[in-house]
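First up is the structure itself, then whatever we jot down about it.
Think of it as A, B, C, D and E in the order they're written, each chain with its own count starting at 1.
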Amino acid sequence: MNFYSNLNIGQKRVLWAWGFLAVPIIFYTVVRFYPTANAILLSFQEWNLLGDRTWAGLENYATLASDPVFWKVFKNTFLYLILGTPISLIVAFTVAYHLDKVRFMHGTIRALYFLPFMTSAVAMAWVWRWFYQPVPIGLFNNFLATFGIPQIAFLNSTTNALPAILAPAVWAGLGFQIIIFMAGLRAIPATYYEAARIDGVSRWTVLFEITIPLLKPTIVFLVVFSSIGFLRIFDQVFNMTTNNPGGPLNSTKPLVLMIYDTAFNGYDMGYAAAQTVVLFTILLLVSLLQLYLLRDR
Amino acid sequence: VEIEYWQYFFEARVTAMEQLIENFEDANPDITVKMNHFPYADYRTKVAAAIPAGEGPDVVQLFYGWLNDYVDAELIQPLPDDLFPAAQIEEEFFPMVSAMKQDGRYWALPTAVRSLALFYNERLFDDAGIENPPQTLEELVATAEKLTKKDGAGNLTQVGLTTGMTAQDHHWWREVLLRQFGGTPYSDDNRTVTYNDEAGQEALQWYVDLEQTHGVTESTFMDEPQAAFKAGRAGMHIDGSFRIGALNDTRGLKWGVAELPAGPNGDRYNYASYWVNAITSKAEGEKYDAAVKFMAYITSDEAMQIWLETVGELPAKPSAALTDENTGDAVYGPFIKGLEYANTTVFVNESAQRQAMTDMVSRIELQGQSVAESLAQAAEEEQKILDEYYSE
Amino acid sequence: MANLALRDLRKSYGRSEVLHGIDLEVDDGEFVVFVGPSGCGKSTTLRLIAGLEEVTSGEVRIGDRMVNNLEPKQRDIAMVFQNYAIYPHMSVRKNIGFGLRTSKMAKNDKETRIDEVAALLGMTDLLDRKPSQLSGGQRQRVAIGRAMVRNPAVFLFDEPLSNLDAQLRTQMRLEIKKLHQRVGSTIVFVTHDQVEAMTMADRIVIMKDGHIQQIGTPAEVYHAPNNIFVAQFIGAPSMNLLSGRQEQGQVTLFNGASVPCTGEPASGAVTVGVRPEDLQPGSDGELQLEGIITVTEPLGAESLLYVDVDGHEVIASGPGRHAPEAGARIQLSARSENLHLFDTGTGEAIR
Amino acid sequence: MSVAENIEIKASSDALLRGPSNAKKPRNIAQLIRWIILFAGGLLMVMPIAYMLATSFKFPFEVYNLNLIPEEPTIENYTYVLGDGRFYHWFWNSLLIATLTTVSNVFFDSLVGYTLCKFRFRGRYIVFIAILSTLMIPTEMLVIPWYLMSQQFGWLDTHWGIMFPGLMTAFGVFLMKQFFETVPDDFIEAARIDGLNEFQIWWTVALPLVRPALAALAIFVFLGNWTAFIWPLIVTNSQEMYTLPVGLTTFSVEQQVEWELIMTGAAISTLPTLIVFLIFQRFIIQGVVMAGLKG
Amino acid sequence: MANLALRDLRKSYGRSEVLHGIDLEVDDGEFVVFVGPSGCGKSTTLRLIAGLEEVTSGEVRIGDRMVNNLEPKQRDIAMVFQNYAIYPHMSVRKNIGFGLRTSKMAKNDKETRIDEVAALLGMTDLLDRKPSQLSGGQRQRVAIGRAMVRNPAVFLFDEPLSNLDAQLRTQMRLEIKKLHQRVGSTIVFVTHDQVEAMTMADRIVIMKDGHIQQIGTPAEVYHAPNNIFVAQFIGAPSMNLLSGRQEQGQVTLFNGASVPCTGEPASGAVTVGVRPEDLQPGSDGELQLEGIITVTEPLGAESLLYVDVDGHEVIASGPGRHAPEAGARIQLSARSENLHLFDTGTGEAIR
């Protein structure tokens, strides 16, 4: 107590802060950092999960660099990111922005948009897969066929499959992003809008000069978080390509699926760990870059 | 003593095992067996996580393809010589069980095995005026052509034969078609890929022609071959014996089974696979003894018959399988007959090896690669998988 | 430039009506100041004029157009908010410039105009700061700047000066007056500050509980308040009220003193009001009071004397220097022309 | 249909909760168009879900038909799934785990987020990045160490074992940190003056001000744990300890998936999450009432 | 009860120092008012006393304890914030009661106390409302209530009355004074309002740019300002400043008028200050000015005359009624004892 009372106010607050962080830090260390460190160590080793670990040096990384599948997967992963994040954020923001202004059946409509987020990814992946099928069972192709338009090979195509799988991923996450956006929109004091209305600026100005800047904490969160989400995409790919995971011809395979495959089908844990370390590095760099670009100036 | 037994969840298998356990416990009142089961799709992950950690079962059910890993990691122990002498096993069981032998000792044994056969939709056969299922590959194509339907835009609405490397076709191609065209998949020591030759090209050409030339099939038709067959939109379908139960449950579907068609030279081949039971290295002392007894029981003829009746899977011993009653059975008959000429692939990484086959066909279909090139590439890829494994 | 009219304006929040029929005509170019106790509905009235709240009933007219259904921006108004409402993410320059966004001025002219306004508000050095780095008064100045920069037809100010120091306040008061004279805009100004109200207004509107009590020039409301409420509300310290009875053209006060009275109240009870500055030490006037000083408040130029007259506290003004000490007995007087008479029952002035 | 009704009742009470409306009467047409487009978009969004529901009422032979209305509707799938005695275990396990984890997350994530947002101290940014970095390792790589850990502490096949890795998430920390940025420091300072200690300030002053975010967090954490699959699968052994998603996979068997049952299970398991959503979304809508309190 | 001392108190935000060594002793039970231009550091000083910001250097002592390291709650203080900082999620009752959370009073006593304070602030009817349903002034009253409810040793008020109407302001002013007299707490009060400062303070502290300019009783700072800044800052309208030159005990003003001067400025340049109320129409005084009235501002009791004297604007006070019209030529005068002389170079008073 004496020690505590000798601290100055600033130091006391620092002490409080670390006090608040104590339990979480222990938790994160044990449950997250330790396994992570373990994975990094493992990436320099050889382990088939069942036997002993043996030292392998940089061999796993060398294999990775010379593996054409890895580079394909690397490219896919970034495609998911580059397409998924902007598309989903823009759509989500647009919906949230307009939904925020709607009163009639507001709750119902919001629930409609949020429902996909609540339903099981496995079941939904199947439904989507089913929508994408060729005739006679595919909804989209049947629709095209009734207009005499030739079928589109959605999933059985090396070019169309990735966007086709991205669609349900965006779809499923939309509700989440809308909710976050709405919560963010709600936190903006009404007087700011009132002042802008008085100033008579256009709705676009209000949007770009007031709403979006004031929404920045929310946007930072969503950009970083959804980027992480798309870089870690797995469920949709795995469940929509169960027969030929990441296929056809690896055209939809993301890094996490490769890791999963290496770990739980190949039982090459060291190699999987090396891939994990690569993923980790990419994610960290992308997130830090985004946080840096979106920081408060 | 209590021993623990793990298998994956499938209702009939669980029921059958419960019955076996009951019988076993009656016979051995001092032993109780506790069974745990896990979802099929994740069984392997589950086992892989638990056993190295020293958790889990004393007797475990494994896919035969995983054996090497478990042996190498010393997670399972060999069966005792006195009760399971190698010679006797080789005499009693179907020859493919020899894949379970390493260093002259057996490490695991199956209760039941499964093989491939040709399912056909009787109603569609009747509609098309076809009397008998095809006996040869040529007939297969001809029959399939009759069963194929298209809509005005030329889209398939019903296929003659389902195909899909992602399902059972990779087995069919590797162990059946390839051999029928005169090739072999692997060298005798299973370490070298040997299908990159003329026979291989012919077999592959024949396979891709089904879709590309004859137009009797589409690999993505209705997403999954079995779904197309179940939905009555496929005339014929090659699948394993484990499918019988599901088809039985499908209302409104009348179907029959035939042996796989014979090759150009009239030879028949088949592919068999099985799940084996093994004793983990965790079982020691009393538990080990109990586990051995349990192993003995579940690989007995009695157990096999119960398994066949409850699960519909084929006995692993000719003595139990090749009874007149069984071979004469309209449904089991073709499968059991197939066992006689069945081969088993010794996989080192089943999913990766299947992927090589899948990609081989995809390259031809989606990227227009020539058959020869694609085959060569597949052989190279698979060889790499084998090399990596055996080099350790 | 526009005149402004409110016709029977009412506003309810849910079931509680906070404005009960406001009627007001503001001439083109007039400077009207709203005063009234906290919560009486001043801000609400302003928000209705601005179009920020929907009118429950009645009409708002600006420049002869009924604007009830127009958007704020179509009403050609500017408003300074009581809580500033400046944008935290914009620099002071951008905040001030925000009012010019829709104007068709050249970019250069805009910059010049911003600098002009900033100079006027003494904020030139702060132009590049963010609001979070400003003190309370500085923020308020930014808000004022944003409204001033645009020269709309009607200005609405909601207590814009309340966080400024006296110096700046006086200065801003003058600036706003000059602005008014220069551009001739109509101005509606809410304030709590007596001096502001008195010095700036062409007319003062005194509100209470959602009703208008009196509308008049500063001199009118100060010298001829309509009722006791206005009399007490205008002027600080507020008017002393002494109760009395009317008898034959005379009012007899509680302490026996009596003063002449011309009007005729409904009830016999009369309240006599006298402003502190009209009640001074000495005996030179018709109203004579005597009492003991309890507190002396020096205000510099003058001082306030709190005098206990037979148990009633009255406030009188004394000289700034050499004010009598507390505890002293004192004689106070006021002239009858400086007295205000009210009907005690209705509170209305007797004229 | 009572769910839909509920939503509507919610919506109308929401309208009241929002207080006075600033909306103007004109532009009704624009409003109407906006509404129609949003509503149509919403319907599109739920189309796959409609198919899920439809499938859950179909017999297997009809599963691959395109029709939304089953030709031969059946509730057999439901009676089958619900009739499975294990189902209630799974449901209860999931509910318990998701609820407790949600409580823990809402508590710890917001505490850490608050600390990282409102306290200035050295190492703050490092801690934030470190916590954020935990989002960057796929769960698949973590399950093995977790498993070994659980085994060591005897947590295998227990509720605690299923729960412990999810008790805090970087996601929540990040979310809460961002939302605490909108809370003015004055509120915190006023509470300091009033003699509250830092913990009480967080609890009584800061938390209520970010209620929308807390509600969102609660929904997400609940959902995340409700649908968590791989870890519960690995850590449980007995069927009684399965969570709902793990249990439901027992309906998919070797080489074949019984979609009508999967869809039925999915439909049933969506219901609690829908209820949780409806409970918490109220707070999201209410928004922050401080509007206009601070300039 | 405590005395309060600031010793060479400094505060920097990043690299910019906003307080440059504040020294102040406040006696136990004293009422000190801080005034100064916007942004001079008043709020910052208050925040340092409260313990909301860390002191960069120097000492804060309360009741003979060095409290630099104590948390706000250990300092036994209460503070009212400039922007209220009342909790939007709590009702008025809970907001006011919040100050009592940590007190060990019985629940009943707490309720009674809350009701008492609410009654004092005229908010009894509003106790169950949420802040968003209050007007600006009502919110501020809640904030004051929250501080008052607790009776701490030191009260810190940051412009608490600036959003209240004049009536309530006068009333609250008195209430706070009474509170002060009753409980004898030490009070530090920041305001922009001259009248508030003059009437409430035992001593006034005038700040500018993070420096203290003068500390003194209201009479001292009003009648004997230390320097030009204080002279101009205190008093509204502010003191007229006339430049002149000192020659042989006389100061000659810009317009040729001259007044006696006793002191001795370093430079020859002298600034003569005269308060508007000391400069009145007539010729009765040593200082004589003549000019043309440009504006007349009626204030009720008196009026302000803006007079142009040879191009310099001076402000004088005239009678409340019958004030001279704008445009008229007028003769103004002030007595020499009412003049203030400053060294133009240093700005310091010449005594």
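Throughout what follows, a contact is a pair of C-beta atoms (placed from the backbone, for glycine too) under 8 Å apart; a residue touches a chain by one contact, two chains touch by 3 or more.
Chain by chain, the UniProt names read as follows: A = Sugar ABC transporter permease; C, E = sn-glycerol-3-phosphate ABC transporter ATP-binding protein UgpC; D = Carbohydrate ABC transporter permease.
These numbers were taken from a predicted model, which means no experiment stands behind them.
Visitor: Starting at chain B, how many touch steps does it take at minimum to reach chain C?
Guide: 2
Visitor: Could you tell me which chains are in contact with chain C and with chain D alike?
Guide: Common neighbours, chain C/chain D: A, E.
Visitor: Please work out which of D-E and A-D is bridged by more C-beta pairs in contact, and write that pair.
Guide: A-D
Visitor: How many angstrom lie between the centres of chain B and chain E, each centre taken as the mean Cα position?
Guide: 93
Visitor: As a quick test, compute the distance in whole Å between the mean CA positions of chain B and chain D.
Guide: 41
Visitor: From the mean C-alpha coordinate of chain C to that of chain E, what's the distance rounded to whole Å?
Guide: Distance between chain centres, rounded to whole Å: 21 Å.
Visitor: Distance-wise, how many Å sit between the C-alpha centres of chain A and chain E, to the nearest whole number?
Guide: 57
Visitor: Listing for chain B: what residues touch at least two other chains?
Guide: 45, 49, 167, 222
Visitor: In chain C, what residues contact two or more other chains?
Guide: Residue numbers touching two or more other chains: 13, 51-52, 71, 81, 83, 85-86.
Visitor: Mind pulling the chain D residues that touch 2 or more other chains?
Guide: 19, 21-23, 64, 144, 197, 288, 290-295
Visitor: Inside the complex, what are the residues of chain E that reach chain C?
Guide: Within the complex, chain E contacts chain C at residues 13, 35-39, 43, 82-83, 133-138, 141, 159, 162-170, 192-195, 198-199, 218-219, 222-223, 232-238, 275, 277-278, 297-302, 304, 317, 320-321.
Visitor: Give the list of chain B residues in touch with chain A in this complex.
Guide: 44-45, 48-49, 51-52, 69-70, 72-75, 151, 153, 155-157, 164, 166-167, 218-224, 233, 349-352, 355, 358-359, 362-363, 366-367
Visitor: List the residues on chain A that touch chain B in their complex, please.
Guide: Of all residues in chain A, those touching chain B are 48-51, 129-130, 133-137, 141, 145, 148, 150-151, 153, 155-158, 243-244, 247-250, 261, 264-267.
Visitor: What residues of chain A sit close enough to touch chain C in their complex?
Guide: Result: residues 189, 191-192, 194-202, 205, 209-210, 213-214, 216 of chain A touch chain C.
Visitor: What does chain C use to touch chain A in their complex?
Guide: My answer: residues 47, 50-52, 71-74, 77-79, 81, 83, 85-90, 98-99, 101-102, 146, 150.
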